[in-house]
Amino acid sequence: MSTTHLLIELVLMPLVAFVVGLAMLLMLRKIGARLQRRVGPPLLQPLFDVIKLYSKRTQVSHGLLHEAGIVVAVGAYVAIETLVPVPGMNGIAEKGGLILLSYLMMVPSLGLALGVGQCANPNGSIGLSRAMTAMLAYDIPFMLVVFGVAWQFQTTNLVELVAVQQAGGIATWGIVENPLLAIAGLFGLQAMLGKQPFEIYVAPAEIATGPMVEMGGKFLGGLFVMQSFQFYTAGVLYTTMFLGGGENWFTFLIKIFVVVAIPLSVAFMFPRYRTEDMVRLVWKWPVILALLGLVVAVQ
Amino acid sequence: MNGEVGRPISRLLADVDGARCERKGDRRVRIDATPENLPAVLELLKGRAGYLHLSAITCIDWMDDGEFELIYHLWSYEDRNLVSAHIRIPREPGVYLSVYDLFEPAGFFERDIHEMYGVFFEGSPDQEKFILTEWNGPPPMRKDFDAEGWVQGTFQWEDYRPEWLQEIEEKGGGIAIKPEQARANTRKIRGWKQ
Amino acid sequence: MNDFPLPVRAERSNPLARVFDELIDFCRARSMFMLHYCTGCGAIELPPAMTSRFDMERLGIQPMVTPRQADILLITGYVSIKTLKRVILTYEQMGSPKYVIGICSCTVNGGMYWQSYATAKKLNEYLPVDVYIAGCMPRPEAVIEGLRKLMGEIKAGRANSWERYFREYDRYLAAQQNLFGPNWQTPTDIIGEARDYQLYGPGTEGRHTELLQQHQVPLQPLRMTLHSDVEKSS
Amino acid sequence: MRPENYQAQSHPPSHEYELNFGPNHPGIEGNYALQVRLHGDTVVSAHADGGYLHRGFEKLMEGRLWIQNIALVPRICVPDPVPMEVCYSLAIEDISGLQVPERAKWLRVLQLELSRIAAHLFYFGGHAATTGMYSPSFWGVADRDLILDRFEELSGGRVYHIFNIPGGVRRDIPEGFLGRVSALLDYLEARLPEYDDLLFRNQVFVRRSKGVGVIDQQQALAWGVTGPNLRATGLGFDVRRDDPYLIYNQLDFEIPTEDSGCCWARTLVRRSELQQSIRICRQVIAALPDIGGPVRAPIPNPLAWNVPVGESYTRVESSKGELAYYVLSTGGEKPYRVHVRGPSAMHAVQVLEKMVTGGRLEDVAQIMFSLDACPPEVDR
Amino acid sequence: MSSDIDYKDAGSILAPLKNLRFFAREPVTEPLGPRPAAENYRGFHVNDWELCIGCSTCQKVCDNAAISMIHIPGLPNDPVKGVRDHRPAIDYGRCCWCGLCVDICPTGSISLTREYVHTCTEPELDSYFVLPDPNGMHKTHFPKGWSKTEQNDLLDHDRQPMAEMAPEARIGDFAEIVAGYTDQQALLEASRCVQCGMCHDACPTQMHAPDYIRAIWQGNVELAVEEIYRTNPFAHVCGRVCTHKCEDACSIGRRGTPVAIRWLKRYAMDALAPAKVKKIAAKGKSRKKSGRKIAIVGAGPAGMTAAFDLIKQGHAVTVFEALDQAGGMTRYGIPYYRLPSESLQRDIDIIVSLGVEMRYRTRVGVDVSMAELEQEYDAVVLALGLQLGRSTRIPGSDHVQVRAAVDLLRRIAAGESLAVPDKVVVIGGGNVAMDIARTLARLQKQQHGVVGMTVCALEDFAHFLADPEEVRESGEEGIEIIDARGPRHCVVNDDGTLGGLCTWKVLSIFDEQHRFAPKFDESDERIHEAGMVVESIGQMTDTGLLGDELTEALEWNRGRMKVDAFGRTSLPWLWAAGDCVNGPDVVHAVADGHRVATSINEYLTQEVAA
């Protein structure tokens, strides 16, 4: 693979991720609208929002870390996007692997923590502590699932993972081979995306949207971008691990949208748990499922 | 049962000097008490007749008499009867006893009356301002506070100059009677033509 | 009223820049975040306007929780003096460009509380207002029509009243001081921002900003108290 | 002002900080503020701060004619305006001995109950939103809007009906109105199972609200809690039945109660009340065609109307609790004093402060909404 | 009862997911754009300018102070009809759309529409101040929303019924027919007033009717009398027999019966003890004597009003009256059952008690000449009245049993006994015709036991001159009124006695130029049998007393003295007032008295200054 080719892929992959992510943001709002019996936003709404936020005249910054935090968060996701294989583009996925990815996926939250910490808004700080707690909660089942998948397919290389699954057709997909892990993964996905019932750190009625409280203009725009990356990444990762990745762009897009649509639909049906309830729940059922799945995988 | 309610109360109050009791309606009894015996009356009502619920305390400013009237509305869940105990206290200095130790809801009402009328309740837990924290004027509900005058002196009104009005003014017309002139408070019926 | 008439968006000569400006105005119009603040009774018609029946999100309008995130401030009816202070603080914290919508009669000329000692009468004395919506209270459809009017104004580059707050700050401050007393101050440095945005005009500073500077107390940063601190101080 | 043996409160040996809930905060109902002192996630003390919606109604009313005040009163509680109008009208009728025609009484009950349903639908959405679920508020507000449509048809106004005036109501019902209300009630009843699935049978919601913000019956009585909040502690007191007004003593309805006094119980009580209100509305719809006659007693020319000397303490059951008006007339063309006792005056200040204290940060908003405290009633 | 969801029910984690079925359901969202509002909707105002009379009642009921009355030149402005060129303008920065203005509007002109969208930017804020017209706020048609119906009408359209004697009881008797209001009735009637002031504008003497009505409503009769005496010293009289132009203008009368302004005045006057009235009347009387002397010829309402004003201004006033008692036509022209002389006397007594010098039985021109008056007094007022009856001059009208109505009335009032034949015909359709017919009918009843009275009026009932209530009451008393009959000749029997009156049917009274030129249908001829024919077709002034010299010196206008706006004749010292200038009407005469008094006072004070 030529360097130019790689460079093009490295640029293209985050771009695609951004576009698809925006579409997922739209899907989130459309799903909500449908379940709430209304029409919902126009198609380009997420794009309008982001452009508008970046074009605000006032950009209130609370200091260097505030700005750096967002950069770290978005930057981490840009890096992540180059590590997940999509049809026709592997980027540097072969050199990364599941373990690196798992680590990288914590960075945006930490970056956010960095930025929010400087805002000195108590609501932000509470939200942050909740976000960290939530991360602590969902990381355990998530890591178990990652291990399980790696054991199942005897590889941590995402490209290989995809290749193995595609080679055998649907029968070799993770979801068929090890449904327990897939269900645990779905739980983890719900928590990772921070959607109800695990939406503990945004919580407008409790802590005025928590970490976002002091974010305006480009900072909020950054968070929007980050969220779209997050949806995309979650969808792609799950698809890669359990749904055999993308054979072509068509099936790939269908798969990731369906995967993301599940937690988003569920989100509109539930309130949020209290923090300790969430931790208890997430450490209980998904962990049990993931452990069982691990046992299955080991056997 | 309804007709019976009045009598026990009057029997109850027989020992209290100067408290008169009068039935006003199906479930309404009025008691005229004095500032001295009101705590005793309330205590009797709560302790012996089951008037547990202090529905409200109303304050009325009788400026011309130089008095405040305080009305304690009590409800009994058992008798299903409402008793309004009226007392009058001098407007100056406007101090009375709190009944917070008998009825906790009194805390709010006394605080409210304190900021709206300037009546001070001795023993009330909190008489800080609540609603009017940003208000520096006199207690506004007093009859001698002319709210409308204050408003007229403080605020300006929108001076509309729509095109139709300008046209009419060119023709010699214009606003004949301003709304303020027609108000019930200030209306001068004299001199229609002027 | 308009001592300093606001220019419509200045047309730039570069056609690309012009397209860019128009694109941005278009996006601003199509994506309005509304501050979720119920200042008065007209707010009761906002939930219907936001929710399924009238669905503001069709127009790209969604409620936002904090002033930092919001673009439009809806003043839904009367503002009591106590609320007005918070409204001004909120307005100053919102990011420019920002738009104020005055809903109901009360924001125009006092409404039915015109004799009340507790409410402010004319909103546009204290804040620049972009669009008014008549009604007591206006129906959700009227609110949405008002928002569409605002969208039209933004698209046409006319909704620039926020600039007036910087250009004529002295006038607004005068009304605020008249109502809140000479000690009135807000944490936002409007004059500095005006300079920063190149919106410093002849009316930015004046008698009343001088008074403000005399009284200005440096703001204390927010502090979380530790138990030990309390003990030391007491 | 403080007792002499006052001592400074000792601070617990840990981090404590203050958090402002409101006035601009999604967790606050309306324009209201709560300063909460927190220790970790636990509320150490709470301090209510009102007055953001203060308009000085009681002062305004003293300066306006009896009839002019009917435009003013519904504004005291925006989500549930009908009880305000009715209570004010009842007080004046009581003082001046106006005999309200039978038909007007039934029409008032219909309005009161529709308004209660609307307020409760609003409430469910609000309560759910404080726990992070927004769909019920989208549904609830949209369904409430259908009730507002009927109100618009009846009175010409969606929210401020200004339809009840001393002596009766301003107009008779339009043609076919009862049929449309009946269809609406059918619709709402059909919707209820869907609400049950979404909200009332939602395990997460039950878990969030059960056992939170508990108040027992003794405390409730001592703190002056009324309405559904009191009934959620097991005391079946309802002004409609125990201090009846209009024609409530001719109607067949039940007073739902719960025993535990927590947020969940309060919501359940309101849910049952909604069913009872539908039941009352059906009775009114069935009875109304047989009740003829005028809808308003003749009242004097409003510009020259002296209500005779007298006083009245009139109470009605609003969706939030015991609403009372004290009206005093000295025989003039304006009231000498009107005192509004909004139920929320108790709930949103003293009760809320006490209930929040010791609770959790995430429950502050939920407790406030579950009390259905309406700030404009407090501020007036 | 506990709800059908048990408290112990922990719910289900799957139940909420059932609602995923809403993916398959259509949204309930309404299409963008305003929906049509409900039929009763309270939206922006419209005002039918044709119906609106500018009474400003809407403004008074609006305590949001949202309504301003705008004076619009060019619109009809006729105080007598009760129309002002004012229209309400509404400040939507104040309005709360309660619709009270609609409910109270006396004409029903104002209503609310189903239009509810108005938005504007800050520079366009003037659009919040709106002058509602029939076209709507944005000149687009919207159907009416909340508008006037019988149910939401807040005004009381029905007058308090006035107790009257039954026709059977009153016909044989001269007792006053109308009983007057009780306290309660007066209060209720007074409460109907909306204080629009139309009556004030319509009244010739501009009585402050809204003020005294309000005072009556407040139970303050003394204040009411005080308000009445500001403009009318003939209140006892006007409270009974005024032509009440005010009630024609009354805005309540637009859709109901007007407020009984006249009866309320009567109530106030009767309710207060005469001593108190005297005290009120004397209020404001100048302590200083000006030393000027004024002569007033004629003690009718005009003359006595002028005397009242002038004496209060400190001048010395002498009234010359040819007859025995003061009152003029109010005493000698109006029958007792409508105006008892005691009531009149109370008015006269009050004026006289202020110090007016009365010279009864002094006929100017006979007992004292005008020239003498000119010399002795600084100013002279001629308040001669109309006491000569006009004649139809038809054939036979010179018969001895063809009499003039005013003449007969005067005689009856003076107490002369009169033999009335059992059949009488009255020619004329005015109030005087009704008076004489009803008076004579009473005498017939007393003398013959039956009423045989016919009134032949030139006008048809649609254009009748007499008050409708007079016509009604006459009918009740058994008087036959035949409209549109023109008298042709009086039938004189061969024995020289009067046989009756021959009339023709009237086709039209005026020609195209609105000149008096009656046309008759000669085929429709009727003979009304009568032993007496009374002519009541108008009165004239007896100007003979002026003397030839003065008559020459004065300027005349169609047989009446030419006067300026203040009643001053072409001679500087001579004023004329009352019926002799204006035609017959009490309240006009009172107004005239005031005008003249003002003019004289000005003249005299100017003279002093000069």
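By letter and in written order, the chains are A, B, C, D and E; residue numbering begins at 1 in each of them.
Please note the rule applied: a residue touches a chain if its C-beta (ideal position, glycine included) is under 8 Å from a C-beta of that chain, and two chains touch if they have at least 3 such contacts.
These numbers were taken from a predicted model, which means no experiment stands behind them.
Counting only chains that touch, the fewest steps needed to get from subunit A to subunit B is 2. Chain-level centrality, scored on Cα centres against the all-protein Cα centre, points to D.
With every chain reduced to the mean of its CA atoms, the largest distance from subunit C is reached by E. Compared on C-beta pairs in contact, A-E and B-C come out with B-C as the pair having more.
When chain centres are defined as mean Cα coordinates, E lies farthest from subunit A.
As a whole-number value, the distance joining the C-alpha centres of subunit D and subunit E reads 53 Å. One finds 46 Å separating the Cα centroids of subunit B and subunit E. The distance from the centre of subunit A to the centre of subunit C, with each centre set as the mean of the Cα atoms, comes to 36 Å. Put simply, the C-alpha centre of subunit A and that of subunit D have 43 angstrom between them. Counting only residues that touch two or more partner chains, subunit E has 16, 19, 27-29, 37, 60, 62-66, 91, 93-94, 96-97, 125, 128, 195, 214. Contacts with at least two other chains are made by residues 132-134, 140, 147-148, 158, 184 of subunit B. Under the contact definition stated at the top, the residues of subunit D that touch 2 or more other chains are 17, 25-26, 51, 54, 56, 59-60, 63-65, 71, 135, 138-139, 142, 160, 198, 202, 204-205, 207, 303, 379. Checking each pair of chains for touch leaves A-C, A-D, A-E, B-C, B-D, B-E, C-D, C-E, D-E. The residues of subunit C lying in touch with subunit B in their complex are 81-82, 85, 108-110, 114-118, 120-122, 125, 178-181.
Contact residues on subunit D toward subunit C in their complex (touch as defined above): 8, 11-17, 23-26, 30-31, 51-56, 59-60, 63, 71-72, 75, 78-79, 122, 125, 137-139, 141-142, 144-145, 148, 158-160, 376, 379.
Across the complex, subunit E is touched by residues 63-65, 67-68, 70-71, 135, 142, 149, 152-157, 160, 162, 170-172, 174, 194, 196-198, 200-207, 254-260, 264-265, 268-269, 271-272, 275, 294-296, 298-305 of subunit D.
Per the touch definition, subunit A reaches subunit C in the complex via residues 29, 33, 36-42, 44-45, 47-49, 51-53, 55-60, 120-122, 204, 208-209, 212-217, 220.
By the touch criterion given at the top, residues 56, 59-60, 62-63, 65-74, 85-86, 89, 91, 93-94, 125-131, 195, 197, 200-201, 206, 208, 210-211, 214 of subunit E touch subunit B in their complex.
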